[in-house]
Structure formats: C-alpha cells, structure tokens
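Each of the two complexes below includes chain A, the first together with chain B, the second together with chain C.
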Partner chain A sequence: MKVDGKKVFWNEYQKDIADDQYYFVRSCIRQNFFPGAEEAFIRILRNDLGKDLYTDPNHTTCTGIGYHVDLVKLETTMTVIARQFSLMAEAGYHNFVISCVTSFGLYNEILDIWEKHPEIEEQVRDYLYRSTEREFRIPENLVHASDIIFKFKDQIAAKTRYKLVNQYTGKPLQVVEHIGCHYAKIFPEKGIGGAEHPYVLAGLIESLGGEVIDYPEKRMCCGFGFRQYFIKASRGYSLSCTYRKMKSMEPYQPDLIVTNCPGCNFFFDRWQYVISETKGETYGEEGNGIPVLTYEEVAALALGYDPWHLGLQMHQVAVEPLLGKMGVDYDPAVKYIGFSGKQLSKPQIPDLLKVY
Partner chain B sequence: MKRTEADCIIIGAGPAGLKAGTILQSLGYKIFILEKEYQPGGKLLLWNTLFPHDESAMEILNPLLKDQKKNIMTSVQIETITKSPEEFTVADQNQTIYTSPALFISTGFKPFNAGRKEEYGYGIYDNVITSVELEDKLKNNNITMTNGKVPGKVAMIHCVGSRDIKVGNEYCSSVCCITGIKQAMELGKRIPGIQVSCLYMDLRLNGRFYEDNYKMAQMSHKIQFIRGRLSETNEDVDGSLVIRYEDTLAGKPAKMIVDMIVLLVGMQLDKSVSRICPLINEQTGTDGFFGTGKIDFSSNPQKDGLFFAGACTGPKNITESMNEASRVAFEVHHFLKNSLISEIHDRHDRFRLQNS
Partner chain C sequence: MIGMTDFGFKIHKDQLLDQDRPNVAYKEMIEKVPSLSLCISCGSCTATCNSSEMTGMGFRKLHLYLKTGLYVNLKRGLKYCQYCGKCWLVCPRGVNTRKAIVEMKRIFEIYKT
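Here is the complex of A and B:
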C-alpha cells in the first residue's frame, strides 16, 4: 500500500467549506438511533470551535428515504427541499450543513437537476409559492456535517484530551472508516477525497492519532441500501452485506469503526448483534464487538466529553473496550442513569456479544 | 543564437520519425530530427520483444538509426514553432533556431495515466502495474512483486483508458489486446506454472498474425480469457489483490484473487507540440489525435508544409506507424519538389520582368 499514492487523489478532491455561520438540518433517524451524535456536533461547533450554527425547529425531513423507496414523487421532494432553502434564507444564513448522508446526496442531486434544467427549478419555485407563499435562494455553500469536522480536524486535534492511541501498547488504534454511499458515489467531486479513496473520515482519524485500515470490502455498501432493508423480504441481503464486510475487516483486528452516515452507523452496530446470535461470531477481542461511532462521537470523545452524555450507552456494541484503550476516564456505574438522574432500563444481556 | 536551415524538420525520433528521416535522406534532402528525450527510438527503447513475431525492439531500432545519427538532435525542448509564408521556424531551449519549408510531426503517443481509473488501485496498491512497466520488467528480466517474489497469478486488464466515456477516451487503442497477449505469453514462457487471466471487453485482434498469437496463447501457454470488466481492486491483509469484476458472458459479478495486476493502458496524443503551436493544435481531430482520419488524403492537413504520421494520427502498431511515415515522407518529397519548381518559375518570371 502506498499512502502517498492516496494523497494524490486526496489533493485532487478538495472542496469549498464555509468557515462559519451554518444553517444545520438534522437527520430524521439519527436522533432515535444515536441521540447524542447531532448534539455533540452542535456542541463541538459552538463551544469548542466558537462557530455560529443555527438549528431550525421548523425544518422537516428531506423525504430522502421515501424518495429512494419510490414512495415520494420527485416533484414533492424538490418542493420540500426548496422549502428548507427558504427557511435558511429567512433565518439569515447562506451556508447549509446537512447531518445525513442520504440527504446530502439528495440535495446535491436536486441542485444538479436545477443547474441542468433551470425550467424545473422555475417550476419548483412555482410549486413552493403556490403551496406556502415562500420563495427560496440556493445556498452559497452546501456541505455534509462530516466535511465541517474534517475542515477543523487539526483545531479539534489540538484540543483533545485523548488520542486514538492504545494506552496499553502505545500504538495507533486500528480504525475502519466507512463512508455512506451517497456521500460521494453519486458526485465524487462533492466528497473530500472522492468516491474511491475518500479522505473525509480518514483525515480525522489520522489527526486524532489513529491508523486507517484498508480492507478488501472497504468500498462495499454497509448493507442498509434502502430497499435491502426496508423491504422485509430482502433483509437477509442487507445482513449478508454487513457480514461480508465484517469478515473482510476481521483479519485486521479493528479497534473501532467510524462512519458518517446514519444508516451505516446503525447497521454496523445492530447487525453485529444479529450476526452474533445467528452465526455465533463476534469480531472484537474476547466476545466483544467492534464499537461503531459517528465522526462527531469520535471527535467529542477525544475532546473529553463524557461517553454517557454522548449517549454511547445507546449503541448496541459496547464501547467500553474502546474507552479502555483510549484511556477515557468514565464512570461505569452511571452508564444507565439518564440526564434526569433516573435509572434507564438496562438492555437484556445477549448470549454471545458482550454487554457491560 | 545558432541558426540551421533544412528541407524538412522532423519532430519525434520514434519509429515513424526515423522511418521518414531514412526515406527523405535517401532522396537527398537535408533533414533534422528533433527528439526531446536523450536517446532516439521512441517507444522502441521501452519495449522488449515485439508482436506479432517476437522480434527484438532493439533489432528493429538499430537499422533505423544507421546513417542518421548526425541528423538527430536529442534532449531538445522545443519552445516555439512559428510559420511564415515560406518556412517554419522551430526554436529550442538553447535558442537554436531550425528553419525549413516542411515540418513533419511524429510525436507519437503518451500512455494513458492509469491513476485516473481510481477504482483500479494504480499508484495505491503495490502490485498494480501498467503494461509499460511490465515491458520494463521483461526487458530487465526481473518479473517480481514488491516483496521480491515471483507472481503466481496475474490478471491483465484490457481497455484501461480506452473505450471509456468516463475518462473521455471513447476510441479503441487498437494495440493493447495484442500487447496483452504478447505479454501474457512472455510471462508464461518465463515463469513456469504461472496463471494469467486476460479480462477483456471484446478482443480486437485485427492485425496480421494476431489471431495466431491468440491461439498460441491459449494452446501453448494456457492463458485464460474472460470477457469481463474490472470494477474495483482492493488489497488483502497478505498483500494479494482482490479484484471484483463482471463476467459479461455469464452476466454475473465475480471475484478473483491475484498477485499482480497489469493494466493494459491505451494511447493518448502527446500534446507537447500542439500546446505551443496553434497551427498544429488546429489539426487535432474529434478523438484527440491529429488529422481527420478520412480516406480522401486531400482533406487531411498535409498541406502548407505541415505533415503528420505515426501514432500521433491515431493508435497504431509499429508497422502501421512506419508505413504511414513512408507514405507521408513521399508527400513531403512532392511538396518540396513542387515548391522548388514554383520557386524556379518565380525566379524565371522575375528575371523576365527585370529584362523586359
């Protein structure tokens, strides 16, 4: 492997990422799956980096999942997205930041349609006006939230309390990075590092002291793949994709998987449990799984945020082995105590996959 | 500043330029062959043995250089090319000026930059090489991988940078199928028991004796031919290469594990002269090579003293390059003869006018 060779691609795929004043749109599903992740992004930007970030309670879904499973018509999707842009302008912002990779792909797809077919954009302006009496402006800068973390990775690294370094061995942690398909596979030029050898997460991992693993099934889908999962009959297909990826990364003994897409994060995390139950296999040390974190969760953990405040107890695969390796100072006793101080219900202990 | 006059300046001392030089010199013309590299010979310097008859490249080159050495200027970096009604003026990095009524362009081709097919892993994975690099290994009789071992299984990938809309080269490079066969057989001869698979789009073997080579490859060397398109290359933990391709006959995705991949790179125009001379650049055809490719030569750009031959007018093998160079050399001869006749007529007319 020639890492210098990868740098050539990384240099070719750069993009403009605004410096400040962001209008943030959330993901529909992330807050249910990993409730602390978006909150961590907001806190890092506002508190650690001193940026102005606006979260708007009025924005809605982008319709991405409905659109990709053919439930929502393209015209409807475009009008919904036009409304989000209109909300951004109303709030006085120009830089649009998207939490979800599916949304990011969809926004870019629609901007591309409008650029190539201005008559469609005009039609959508009309739809929006007729349905809401709103007008919209196309953002000056439109990026994914992981792009912002990438942009400030060195600033984040300079403030970290913990590194992605194994405190027992002094060696860099071995990290799998997985990029959501819709981040760069539709428009490679919109992704940092392009579609084949993306750098958006690899750059962050390197800055935090970890080492990225390049394994054979790296570029394959996580298994979510919309129809694969949403159509119940093909869920086995979703599971077998994840299984293939896990088997492919297993020989590299990863300490951590980092993703930038809600679906990928969920499926790597939850399917490890299902695989353990159905195949009797686990991929971490001594019956543990491989912890799966989002880019903000990793950054926040390195910055010293409390893992339970980050909601890491909501991950199916226990994060304790990773916390141990990173040397994170945490209290195991309060893992299932909520913000309100009340005891949360504890998960059932599976047969194989270790849970603490 | 040194000024040198000639009847024809030839740019490029590959097989085409050298062949044209030999003919024009034998017809009594004063010529100069300007070559940017420090040695004349073009790609003949790089290749080991040549299809279709396994001839040694050096044995083809040596007779072409015979009696011509004094005409060949090497390490010439051409800086400007201009034209007046009477002549072309070529200036190099040492401010040496060459003038001549005819300019013969035989600048050949540049191999496609395989790094542009990011998914093939060239420049990233250790044992992904190009056909140009394999020729070098064959020439030095050192067919080893980066770990010093001899490969046991090799995949040769056809159409790399040719017939590919994505990279902007829709044409067929015409020699890479047979080059792949030549190289696969050579590997078979040198490494007993080696398994070589050629992944082709369709085999374009429309040169004399090419089919014989194809048959020999299968019968004597057990080369496997798979109609398949590579989709991605990855490296496994043991350094072997995992390739994913579509078997286009079976209509199924497939996987293969090999030690080495050889990318059969296509041809692209060497733009070093068209970049500095608009007159030459104007003659670039829609496929990126010089000339129109029309049967009717009169519609070709061989007028006003500007001539083109060899791989710079489209992908060709060595025989075709030299054949075209021979034909065009005779056109230069006609042009120079006609120029001489019209000059004599002019002089005669001027003489009559002065004395009437």
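Here is the complex of A and C:
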C-alpha cells in the first residue's frame, strides 16, 4: 500500500475528541469492583491535566447489562439514555465521556438508530417528556474515557515519575493490550485505530515506555460475553474463552495486561484465580499471575500515585511484582489499611495463585 | 487442593470446527447434488423440519457435519429424516435437500439401492 493511501485509510479511524468541558458518566461494574480506576481518571483530568470534568450524582445505569441479556426493552434503554443526555444539557455541558465500553457501544448504537430513524428519536423524546418532563440534546462529542487518556498521553508521559520499563533489566515491560469488544467492533470508525488494529491503549503504553505484545488471539473476546457469564450453566464458555486467551499470550511472558473495558478487566483478573484453582496453572513468574490494570491505573501509577490509594489491592492478581519492576515506591505494610486508618479485612490466600 | 475447587462450571475443550479436516464425502456429494454448494446455512430447513424439534437434527446441522468431516455425528443424525421434503420447499437457494439426504445415506451405506 502506498504511504499516501495508507494515510487516507488510517484517517477513517481517527476521531474528534473534545479538549475540555467533559460530562462524565460512570460504569456500574467499575464502581463496584475497581472503584479506584474511575477516581484515578477524575484526578488525572482535574489535577494533572487541569480539565473541567463534571461527575453527576443523578445519572443512572445505561441499562447495558440488562439490555444485552434481554431483560430491558430497547425503548426503555433509549429513554434512559435520553435522560442522561438531558442531565448533561442541564449541567451545561456538550461533551459526553463514558467510563464503560459496554455503555460506549450502546450509546453509539442508539445514536446510530436515531440518525437512521428520526421517527424513533421523536418517539423517545415523547417517552422522556411523558415520564420525566425532560427534553434532551444529543452531545456534540461522545467519547470513551480511554480516548481522553489517549489524547493527552504525551502530556501524561511528560509528567511521569515511573516508566513502563523493567528497572532490573532496563528493557521495556512487555504489555498485553486488550480492547473491549464494544469499543470498536460494533462501529469501527468510532474507535481510535478501528476494530482490527486499535491504537487507543497501544499508544498510551508506547508513550509510557512499554512494548506491546502481538499474540495470536489478540483480538479475541476476553470471555465475558453477557449471556455466557450471567447464566451459570454457560459460565464455562466464559472461562474457556479466557483460558484460550491466557494460553495464547503466555509464551510471550507479559508483565502486564492493560484493558479499557470494565468486564475485560474483571474477567482477566478474576478468572486467573479460577484457572489456577481448576487447572493448576498460573501465567506470571514464580506462581504469580499477570497483573491486570485499567488504562487510568497504569497512567496514575506512572504519574506516581500511591498504588493503595488507587485501590490496586482490590485486584485479585497481586500487583507487587509489577510495582517492583517499575520501581514504584510503595509501602507493603499499608496495603490493607483504609482511608480511615483502620485495618481492612484481608482476603483469603488461594492455594496456588500468589497473593501478598 | 488444586483442581478440587468446584465452581459449578469448568473449562471445556475448544469446539472450533476444523476446516482442514479431510472431507472426501463432501466432494462426492457436490458432484451428485450440485445445488448443495448454494447453501448459505440460513437454517430455514431446520426451522421447518418435522423431526428436528424432537431430535435436534436438522439439515443445516447434517450439512455442517458433512462439510467438516464429522461423519460419526452425521451418520447418527441421518436416520431421523422422514423424507417429507419440507426443507426442500422452504430453501431460499433451491438446494435439493431430500436428494442430498438420500445421497448421504448411500455414501454411508445406510440406504442401499
């Protein structure tokens, strides 16, 4: 392919990301399982980048999980999302930032429906008005939170205290980047780099000094798959899918997995424990797992945030080996001490997977 | 103990279809029933099949078994066909499904002429 042609082709997979004034909607899963990740995103944007980010206590779930398991009707989902847009307008913002990849896919899906079928949008306006007496405006810019971190990756990299470089060997850390399926597989033009070669996380990793691993099952699903996981009888499919991913990346000896999707983060992390208990296999060095972090957690670690303030003790796979490689200055003794200064209860130690 | 934790679900083997599996019978079938190559696996045949609801075997599945060389499953499934021909009537690509079943039975010596 000619270079000029390649540039034109690649332009299809670039997107406009607003500079400032963001209205932020949170993720149901992340708030519960990795609450430090969203907090890190807010702190990075406000404190390190000096941006205006509004977090609204009135917004609700997007209903994504209910929608994908056929519990919530599409009309209900559309009306709920219309309400979120209405809240954004009420707060005086135009740029919508979404924390969750499932939500991001769903918002784009609904905007696409409204664009192709204006009569449905009118109907939803009516539903919203009749149920809440609200009106809504479609955001001027709608992006995923990882897009924002990607946009400011160089500014973040310029401020970092630590790099994704192994301090023992001086070589870049080997990083697996995993993009949530709903980020760009539904609408490739909505994701940076498209669906086949997404660059949203790879760009951040490279800016921070790490090296991205290209492995055979790179683009495969993490295994979450709503119907697979939520129905217990099908949960083996979810586990088998993650197992296949882990076996595929294992020979490349990754130091870290970075994801931009709440579900992927959760399943790569928790399933490593389940695989260790059922198969007796671990994928890190000396019985450790491969730490799984979100893009904000990686950025925040590099910026010098305290790992325990980031909530990294909430991850199943221990992050200490990674902290050691990055040379992060941390106190292991305060891992399970909460913000109040009280000792939190410690997790049970698994048989095989190492937890410190 | 490792391996003793029962989560109520477990890792299963890959169920990916191996496209490289030798399928000599499929080549023979295409010569005898050329319309079979038009199949788009829409599943209309199975949806209308009398016996699929009771047996779980429809023409689409039989065709898939044939293409991928899963002959043991195919032979097991072939015996459920009642030759009613509804699959042929509904096929949007005009695949002669009934003839295909007869020929498959001949190949696997379930039906001898």
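Here is the rule we use: the second predicted complex is superposed on the first by the 344 of 356 C-alpha atoms of A that agree within 3 Å, B and C clash if a C-alpha of one lies under 4 Å from a C-alpha of the other, contacts with A are read in each partner's own complex, and residues count from 1 in each chain.
In this section, contacts are C-beta pairs under 8 Å (C-beta built on N, C-alpha and C of every residue); 3 or more make two chains touch, one makes a residue touch a chain.
Computed from a predicted model, the values in this text were never measured in an experiment.
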Could you look at A:251 and tell me whether it touches chain B, chain C, both or neither (first, second, both, neither)? first
Identify the partner contact of A:279: answer first if only chain B is touched, second if only chain C is, both if each is, neither if none is. second
Have a look at where A:306 lands relative to chain B and chain C in the superposition and call it first, second, both or neither. neither
Have a look at where A:90 lands relative to chain B and chain C in the superposition and call it first, second, both or neither. neither
Taking the superposition as given, does A:56 touch the first partner, chain B, the second, chain C, both, or neither? neither
For A:217, select first, second, both or neither according to whether it touches chain B, chain C, the two together, or no partner. first
Show which residues of chain B lie in contact with chain A when the two form their complex. 115, 118-119, 123-126, 232, 234-237, 242
Looking at the complex, which residues from chain A come into contact with chain B? 1-2, 5-6, 8-9, 194-197, 214-219, 251-252
Spell out the part of chain C that touches chain A in their complex, as residue ranges. 1-3, 5, 7-14
What part of chain A is in contact with chain C in the complex they form? 232-233, 235-237, 239-240, 243-244, 274-280, 351-352
